[in-house]
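In what follows, structures are represented as structure tokens.
The same chain A turns up in both complexes below, where it pairs with chain B and then with chain C.
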Partner chain A sequence: MNHSPNLLDEALGLTGRGFGGGALSQGRVVLVDDCVETSGAFVLHHLVKRALSPDSGGTVIFIALSHPFSHYDRILRKLGCNLSIHREHNRFHFVDMLKVEFPNEIQKNAVEHGLVDLYSKILKAVEVSSSGDYSRAHISTVIDDLSILEIVAHGSVDHVLDFLHYCITLTSEQDCSLVILNHEDIYPEMEAPRLLSHLIYLADFVIKAEPLVTGIAADVHGQLTVLKKGTFNDSQYTDKASNFHFQVKENGVELFFPGTRC
Partner chain B sequence: MAESICRSLRDGSIEGEHSPALTIKDSLQSHAGTHAFNYFLCSLAANVCAGKSQARGLVIVAFSQSPSFYLSLLKRKGMDASLLAKCLLILDCYSDPLGWKEKIRQSSGPDKPAFKDSDYVCRDVKDITKLLSAILELGKGFTEGRAYFAVAIDSVSSMLKHASLPSIAGFISNLRSHAQVSSMLWLLHADLHEPRSTAVLEYMSSIVASVEPMVEITDGQKGSDNLFWLGRGLQKGRFHVRFKRRNGRVKLFNEEFHIEHTGITFSTPSSENIVVSQTLLPKLQFNLQLSEKERADRSRVLLPFEHQGNGEPIQIYDGRRSLTESNTDLNGLQKHALSVEMEAQRMQSKGEIHYIRDSDDEQPDSDEDPDDDLDI
Partner chain C sequence: MATTPTVRSSSFSRNISTSAALSASALTPGSRIGSGGAAFVSSGIPDLDRILGGGFLLGSLVMVMEDAEAPHHLLLLRNFMAQGVVHCQPLLFASPAEEPRAFLGTLPAPVAASKEERQRAPGPDHDEQEQGLRIAWQYKKYFGEQQASDAQNKDAKQEFGNNFDLRKSIERHMLSAQKVDCISIQKFSNLAPLRERCSSFLSKLPGNGAGLAGRIAIQSLCAPQCGFSDWDMVSFVRSLRAMLRYSKAVAIITFPSVILPPSFSKRWQHLADTLLSVRAIPDEDKDLAKLLTGYQDMVGLLHVHKVAQISSQVPVILEASTFSLKLQRRRSLVLERLNQAPVEGSSGTSYGTAGPCSGSLKGSSIDF
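Entry: the complex of A and B
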């Protein structure tokens, strides 16, 4: 099990030392964009693991729309992180949204009501996390994945954006960050991808998972591009884009700059 | 140029005119618009606090950042907290724009404590009329008698998400024409809306400042390359300003901006940078530009008919008979041709070419196939 920070941690600024290191800093919004050829789910797993690591001692609110708990439990266990135990200790809040439906025909404004309900669940989890033993710990809200939420909302981009806005208000009020997984290639090319543009405006970090430009390789699974937008909050302004290759392994992910691995 | 924008926001409106309005426009290619907005907001707030401006107070309508963000931003810029409390009011459209939090609080029981909010919270941003009256109400808070106040909206894009374009256009024009509003500024993310929305908002503003990247990203650079370029384009770019005067005169200015630790700074573009951006753009294997010598050479080339401009009548043969010739009778053509021939013999040394058409039945530019009656 590898606890040393890798390139992704460095790019996201997770290399903080001491207590609190390992988690995203307050108010950060991370957007993970992936495509059919290359799944970006491993970035989510990595961030969940980092947030729950003993170094950071944070809590995670996981809004699952694509996979059940057992799926994440299995994967994270391989990575050396026991979600079931964290769940018992109220450090991992799993919001199961797999079978959720907002039937618009039966009730008017069903989508909005449904999203308000979901938000109230998040608020409750935040309340529990900030009142327990880890009252000063960082809270990461993870959405896996946003495109399904859009389907649930009957394709209403406005509702999804409203919901996201409320999630982002949490990040400015408390020590909270937001991680969103979304697919990039599901929007028609002719039409302006409005949701995607909105998300890029909202995000502080944009992580893009793509296949290699040169084609399929046996030991490189794809490339990650991380864009960090500068903010003046931390008294220094740095924005940069970095690009590296990755290989997803059973017990973690290996990241390296192109051409540096022999 | 940035200073003149600050000045015109500071000086405010003249009696009987609409107040000056600044649109700051950015796009995904260079989303430094927020920084530019904050720069002008800080400068306006400093002027208001120091009593230099026409406006005595500033109302910030906060959609995309929390009120505490603006307070800490202005304090970081060295403004006095007690002065800010007197001159600055923030309408919070950020914390609970749709009233969800209030709804959740009410449904979870009355004993729950209210969420920590700022003083002025708008819980229904879809109701533009209410929003307008809330802003005007806040504006009255500063004023004893009939003093002016300024309005800053961080981003109109968020408003457009919740309300229709006509209602927002009405909202802004109502604010601009209000007797007590001294100046306005707002931020717009241009690529989130249809071009017409952007155009409507640009029509209603006297100054449009657009933040553009140094190098435009073309469609060819897609995928991660695009993101890479995005990262490059953030720290500096072009700042394009369009001033509209009351008499309809339009002034255009180009500047460059850099984002540094201290904030955004504006500078006039140096010629070196222009050359860099020009040479950066087309990486072609051939040369599109001419050197000075090549340009001079080209101007010296004499084009075929150019010499005819020297006082002589210009004669360009267009396939038909020339004008002078058409005046003479067709039957006299043979005779005429003969005399031409004789003359040609006389002036052999001149070396002229004369063309006599075979028959007049034939159209000069006939498309007819001469061999179409051929039987093969």
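Entry: the complex of A and C
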């Protein structure tokens, strides 16, 4: 059961050997957008599981801002992936940012320094993983979640964007990908949604988790829209969007096309 | 296909025997172990505990969105705090009022004459209770183990949550017996002192194992008279949430969401583990009165937006998310599913229609 790809894997291109060309290959940026009613955290868990699976044998750098390690450990264990062991083997780097504060009042550049520190932690982890036994393995950087990083940065969008650009530059230099969880509904349309539009522009995959229009149901938890931005292939530009309904379970997520479930 | 994602349907939930749960709840009065090894404390409203699948999860942040025009959030806050006082749990209360200690005088008193209380009290009633239990145990062989464990759970539950009488205020000696930290946040120019107080309060709590769970209640954090900046408040909420994750406590924050800019209101909601909102209902709303039964007894509506899920990715889907707040016999709060009145013709909105979900109601709402 562990290796059978589901619709989410297909939509994200995680079916081939080594996930070539998919969401977890070099230089890819995946943006997961969710809202208060429907959490998109399960997509993150799924991607972490796939990135650490024996098929890909990759490394994950996890920037945690919303939950402690035990939370992810328990969830991923139910999904069939032991984070503690991966952590011991240096394949899972957990950066606990839960209690990190950048004291803005005391130092003027505290936010900048804090983010530089965070970036150097990521860089160090990337160096460790690319120099070790898994030198050719793919590295995924996961941020959960970006809106809290904004809070940590006291709302300084510029600093957060700078940090993201650094991370994205890293992904293009090394065999890295970047997975970001963010909340779509905190950026109302009236205000200039700078960060959100930047993110959507930067992302290769945009995954949106929304509640069903018809309300809450026990066996359909919401709908997922996966947008894969196209590339110019044979002078043809192709965008690919797919829409699914999903049900989150403890041992995985079940996706199906709307109306195909009996 | 019948995997309805309720809290207990997980096949991975840790199989704690009821005796272990009982001993755990005996060790830490006022908290109990639910499915999956999660520990709960009571919200002070037994119906709300049941709706949320056991109560407020320890280590979680509960947020209540206030009705800007009505003080219904205070009902939740009072019951939550009074339950903490009854269990002698450490309590921290922060409020924009100048004299937050005065609010303690308005806490409701536990219902003393209820059946639960009598069963709890040792003494002449004890034999009677024993008898009742013996009868229940005699049925054990007929009902199997499930029923027996239910009976035991019920027994443990009586330690867990009380009914409160809103007409009577809590006795003074209960308040003076324990120290309740009261803070007026109006004096502060920013939220750093409150953060410090919360942090020192949480660090004084015992770690894992035996010991009382702590409760933090913060009333109207974003009240305009305090004048905190938006980013300051949201970063306080974030750090409080992070502190709670590692401690044995529950925090409840009420906030008037309409005062916040919409984007910040959403940020707050994202930070909440359990998100509730309360709304008053107008006295003379003819349309609603026609639509719902028991409209006269309703005080307000409670909406459950989010239920805390720590260490699980499965969202909790409740059968109904809107409940009516009612006062039973004018004194204790009960929550009920909305019942649609049997009217002919079209009704614009359709709520979940079912019998009263409140077990303590004893069918008093079947009045049609």
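Just so it is clear, the second predicted complex is superposed on the first by the 245 of 262 C-alpha atoms of A that agree within 3 Å, B and C clash if a C-alpha of one lies under 4 Å from a C-alpha of the other, contacts with A are read in each partner's own complex, and residues count from 1 in each chain.
The rule is simple: a residue touches a chain if its C-beta (ideal position, glycine included) is under 8 Å from a C-beta of that chain, and two chains touch if they have at least 3 such contacts.
As the structure is a prediction and not an experimental result, all values here were calculated from the model.
Enquirer: Are chain B and chain C a fit on chain A, or do they clash, once the structures share the same frame?
Expert: Verdict on chain A: chain B and chain C fit.
Enquirer: Roughly what angle, nearest 10 degrees, sits at the C-alpha centre of chain A between those of chain B and chain C?
Expert: Result: 110 degrees, to the nearest ten.
Enquirer: Go through the superposed model and pick first if A:42 touches only chain B, second if only chain C, both, or neither.
Expert: In the superposition, A:42 touches chain C alone.
Enquirer: For A:147 in the superposed arrangement: first (chain B), second (chain C), both or neither?
Expert: second
Enquirer: For A:212, select first, second, both or neither according to whether it touches chain B, chain C, the two together, or no partner.
Expert: Neither partner.
Enquirer: Based on the superposed arrangement, let me know which partner A:110 touches: chain B (first), chain C (second), both, or neither?
Expert: After superposing on A, A:110 lies clear of both chain B and chain C.
Enquirer: Per the contact definition in the header, classify A:230: touching chain B only (first), chain C only (second), both, or neither.
Expert: After superposing on A, A:230 lies in contact with chain B but is clear of chain C.
Enquirer: One more residue to check, A:128. First (chain B), second (chain C), both or neither?
Expert: Neither chain B nor chain C is touched by A:128.
Enquirer: Enter the shortest inter-chain Cα distance between chain B and chain C once the structures share a common frame, rounded to whole Å.
Expert: Minimum over all C-alpha pairs of chain B and chain C: 16 Å.
Enquirer: Take the contacts of chain A with chain B and those with chain C, and give the residues found in both.
Expert: Shared contact residues on chain A: none.
Enquirer: What residues of chain C sit close enough to touch chain A in their complex?
Expert: Chain C reaches chain A through residues 1, 3-5, 10-12, 230-231, 234-235, 238-239, 242-243, 245-246, 262-264, 266-267, 269-271, 275, 305-306, 310-315, 317-319, 321.
Enquirer: Any idea which chain B residues touch chain A in the complex?
Expert: 28, 31, 35, 65-66, 68-69, 73, 76, 94-98, 100-101, 103-104, 107-108, 116, 161-162, 189, 191-192, 223-224, 227-228, 230-232, 234-235, 259-261, 263
Enquirer: Residues of chain A touching chain B in their complex?
Expert: 112, 116, 119-120, 123, 158, 161-162, 165-166, 169, 172-173, 192, 194, 197-198, 200-201, 206, 208, 210, 213, 223, 225, 227-230, 232, 235-237, 239-241, 243
Enquirer: Which of the residues in chain A come into contact with chain C in the complex?
Expert: Interface residues on the chain A side: 36-39, 41-42, 45, 67-68, 70-71, 74-75, 78, 98-99, 101, 147-148, 151-152, 154-155, 183, 185-188, 191, 216-219, 221, 247-251.
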